[in-house]
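The two complexes that follow have subunit A in common; it is paired with subunit B in the first and with subunit C in the second.
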Partner chain A sequence: MGAIITLSLLAILVLYLGLYNAKGALLPVTIAGLLLALGFEISLWNTDATPLYNGMVLFDHLALSFSSLCIIVTILIVLLSKEYFKAISDNVAEYYSLILFSVTGALLVCSYHNFAMLFIGIEIMSVALYILVGIRKRDLVSNEASLKYFIMGAFSTGFLLFGITLMYGATVTFDLEGLKQYVIANPQGISPLFYAGILLILVGLCFKIGAAPFHFWTPDVYEGAPILITSYMSTVVKVASFAGFLRLFSTVLVPLNDFWTPVLLTICIITLFVGNISALMQSSFKRMLAYSSIAHAGYMLFAIVSLGADSASGIFTYATAYSLASVTAFGILIIVKRKVGSEQFESFNGLAKTNPLLALLLTIAMLSLAGIPLTAGFIGKFMMFNAVMQDYHIILLVLAAINAVVGVFYYLRVVVNMYFRTQEENSKVLIPLNYQLVFFIAAALTLLIGVYPDFLIQLN
Partner chain B sequence: MGTIVEQIQGIPLNHYLIFCSVIFAIGVIGVLIRRNVIIIMMSIELMLNSVNLLLAAFSAYHGDASGQVFVFFIMALAAAEVAVGLAIVIMVYRNTKSIDIDSLNKLRW
Partner chain C sequence: MSIFYFVAFLSIFFALMTIFTKNPVHSVLYLVITFFTFTVHYILLNAQFLAVVNFIVYMGAIMVLFLFVLMLLNLNKDTEPMKSTIVKIMGTVAGMCLLVTFLGAFRVIEVNNEAITPHANIGLVKNLGQVLFKDFLLPFELSSILLLTAMVGAVLLAKKDTNKA
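And now, the complex of A and B:
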């Protein structure tokens, strides 16, 4: 709880700093506050997890590990934001403040123990993001992305709420523990309302994680938003939504897996194919990453399809690998776009000649996203495939393997562009110090997890 | 208070369920087929308010207050959401002079 309170107060403090024109202090204060929140999360690690505040929140290892991941990724993204927001507008404090509010919501989604908290968390997380996506007020593309995101977000919240209501009608409680007792106590006589509730909640959550067939807003919103906000949306929001997804299914719905496994299996397969095949056909690097994030949501759903003791650590490892690689990829895209002015694959041409280091870092990130051994992405994919194999979903495994091969193809396309194509204009890009720091942290962690994954897997 | 609960219970629960589902469906269809952003937002409100009504009905039938408390959460957050949404609509209107969702086609679907 300390982390959530710290971040809420920090966001207001940052607003005041902006009001009193202390622009130099914004970034250090934000990062110090995030580190403090991270400290609170870590300090709770060895305490007994009991539901707090009348069963509203629960800080077990699932909540703490996913919350910490959200905070760490936010720190990396905030580090990239130096100089970035200034180019958009004069009022920089609001961006930091909105990002912090959004992280607060993400932490609530990670640690909810009552549907009220899930709903409030999702809303806090999303409402701040609606503004951030449309932060370029004069830019029509940003406007469009913001409006689409708002309409789809509110629409999906409606489904989520209707599902919660139907579950409440069947069980007369919003508490996860109470719902679990209901499911265990009535193995035969579960109300049809409850089943309808599961389906509607599934629809609402699939909108949030961007799984097909509820993914259609994702590419547009990711493409239209400023790159830094896209990287935030595709990492922190996705990680938090998956934590919420996993908590609901692993706490309450495990006994009913005969009912929802076929549904989720179908969603999973459609997501994989839609994400990968559409990513294959993109000419814009940013849009390719948007579709690849849909595909990654499909892989992460594996752990929920074959729910077991390892699911939490599987999703956590996968999400860590994916977040680190995405932050690097989007960060490098910011630099390249600043130089070339375009987000197409061609703008990466000849990067290996002018900036060998940058090309190497992006290659590591792409290999990790593609799931090549010795990177974190491989460990994540391995754990997902392993979980599915133990549950004998052979068809899913075969289809996933085909998709993984397709994935390698489009991730390596940008590597080919960097190393084997040339560009006339050969000026070196200067990489600011903060970008270098973030890229090195992300690359080092990617390789470290890839070589020695045990410390991460044992967390959950 | 007792009389209100009795009045709510005077109608069978299934009727509330069907009524709210129909309103919810109207909201969903409205979001999907209408092109005017304001009407889309009204449809979303329709969805949320059908949920509110159903929660209140369940709450009265089961004699459990938490459902009604949840209604307040939904109302407060829906208001916050709509405030941001209207701001976005105004921003779009200033740039395009239109609130038709088809006027926004810079991004491929």
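And now, the complex of A and C:
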């Protein structure tokens, strides 16, 4: 709870800093506050988790680990933002404040124990993002993305709410513990309302994680949003939504898996194919990353399809690997775009000659996304495939392996562009210090998890 | 019971008028009356708070906004785009599907649901306040963050850039 209070107050403090024109203090204060929140999360690690405030929130290991991941990724993204926001808007303070509000929402989604909290968390997270996506007011693409995201998001929230209502109608409670008791107490006579509620909640959550066939907003929104906001959306928001997804299914809906496994399996397979095959077709690096984030949502759904004791650590490892690689990829895209002015694959031509270090870092990120051994992405994929194998979903496994191969192809395309294509103009770009710091942290963690994954897996 | 049937008849009648009338402004006005009959329903169901909120927020605020938008957009009969036949057929099919779903749902519904009976007075403002400030205090407080976020965003998007001119 300390972290949530800290972040809410921090966001308001940042607004006041903006009011008094203390522009230099914004970034340090934001990062200090985020670190403080991270400290609160870690300090709760060894305490007994009981639902607090009439069963509204629960800070168990699942909540704490995913919340910490959200905060750490936010710190990395905020570090990248130093010069970035000033270039696109005058209202830098509001930027930071909205991101902080959004993280607050993400933490609520990670630690909810009552549907009321899930709803409020998702709304806080999304409302801040609707605005951040459209922050470039003069840019039509950005406006379109914002409007699209807003309408789709509001629509999906409608589904989520309707699902929650139906479940309440069947069980007379919003509390996860109460819902669990209901499912256990009535193994045969579960109300049809409850099943309808499951399906509607599934639709609402799949919108948020961007799984097919509810992914149509993803590419346009990711492309229209400022790059840093895109990286925030594809990492923190996805991580938090998956934590919410996992908590609902692992506490309440495990006994009903005969009902929802086929549905989720179908969603999973469609998501993999749509994400990977569309990513293959793209000529823009940013759009490719958008589609690849859909594909990764598909892989992460594996852990929920074959729900078990390892699901939490599997999703956590995968999400960590994916977030680190994404932040690196988007950060490098910012630098390249600043130099070349385009987001196409061709703008990466010859990067290995001019900036060997940058090329190496991007290669590590791409290898991790593709799931090559010795990177964190491999460990994540391995755990997901392992979970599916133990549940004997052989068809899913075969299809996923095919998709992984497709993935390797389009991730390595940018590597080929960097190393084997040349560009006429050969000027070296200077990488700002904060970017270097973030890239090195991300790359080091990626390799560290890839070589020695145990410390992360044991967390959950 | 006879009041209920009378009000229900009025609801359906005005809802149909909302659809069938040609003039958009009249349509919105009929919708306002439909919402008013809903308010009466809520009072009949002993849900005072819902009735008041429905009256003030939906009928008062949102519908007036609707009217304003209609007048600003200057949507009258001449500018209204004609829907093609296929859209009309699709609309009818979808609407009928919804109707069938609802009828199916009403068929299995139990009137004496044990979920509702013990809380007959839950719709009173006093009981609602007690639930809100006792059991659901945390979400209630946190919704202030939600509203603050929306407010910051609205100001941010709507404000003029002063030094860009």
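FYI, the second predicted complex is superposed on the first by the 460 of 460 C-alpha atoms of A that agree within 3 Å, B and C clash if a C-alpha of one lies under 4 Å from a C-alpha of the other, contacts with A are read in each partner's own complex, and residues count from 1 in each chain.
The rule is simple: contacts are C-beta pairs under 8 Å (C-beta built on N, C-alpha and C of every residue); 3 or more make two chains touch, one makes a residue touch a chain.
Bear in mind the structure is a predicted one, so any value in this text is a computation, not a measurement.
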Contacts of A:101 with subunit B and subunit C, given as first, second, both or neither: second
Subunit B versus subunit C as contact partner of A:177, first or second or both or neither: neither
Partner chain in contact with A:223 - subunit B first, subunit C second, else both or neither: first
Subunit B versus subunit C as contact partner of A:123, first or second or both or neither: both
First, second, both or neither for A:391, with subunit B first and subunit C second: neither
Which superposed partner A:8 touches (first subunit B, second subunit C, both, neither): second
First, second, both or neither for A:56, with subunit B first and subunit C second: second
First, second, both or neither for A:192, with subunit B first and subunit C second: second
Partner chain in contact with A:90 - subunit B first, subunit C second, else both or neither: second
Subunit C-contacting residues of subunit A that also contact subunit B: 116, 120, 123, 127, 130-131, 134, 137, 169, 172
Footprint of subunit B on subunit A - complex, ascending: 115-116, 119-120, 123, 127, 130-131, 134, 137-138, 140-141, 143-148, 150-151, 154-155, 157-158, 161-162, 164-166, 168-169, 172-174, 193, 216, 219-220, 223-224
Residues of subunit B defined as touching subunit A within the complex: 17, 24, 27-28, 31, 37, 40-41, 44, 47-48, 50-51, 54-55, 58, 62, 64, 66-67, 69-70, 73-74, 77, 80-81, 84-85, 87-89, 91-92, 95-96, 101, 104-109
Residue numbers on subunit A that touch subunit C, as the complex places them: 8, 12, 15, 53-54, 56-57, 90-91, 94, 97-98, 101-102, 104-105, 108, 114, 116-117, 120, 123-124, 127-128, 130-131, 134-135, 137, 169, 172, 192
Residue ranges of subunit C touching subunit A (in the complex, touch as defined): 108, 115, 134-139, 142-143, 145-146, 148-150, 152-153, 156-157, 161, 163-164
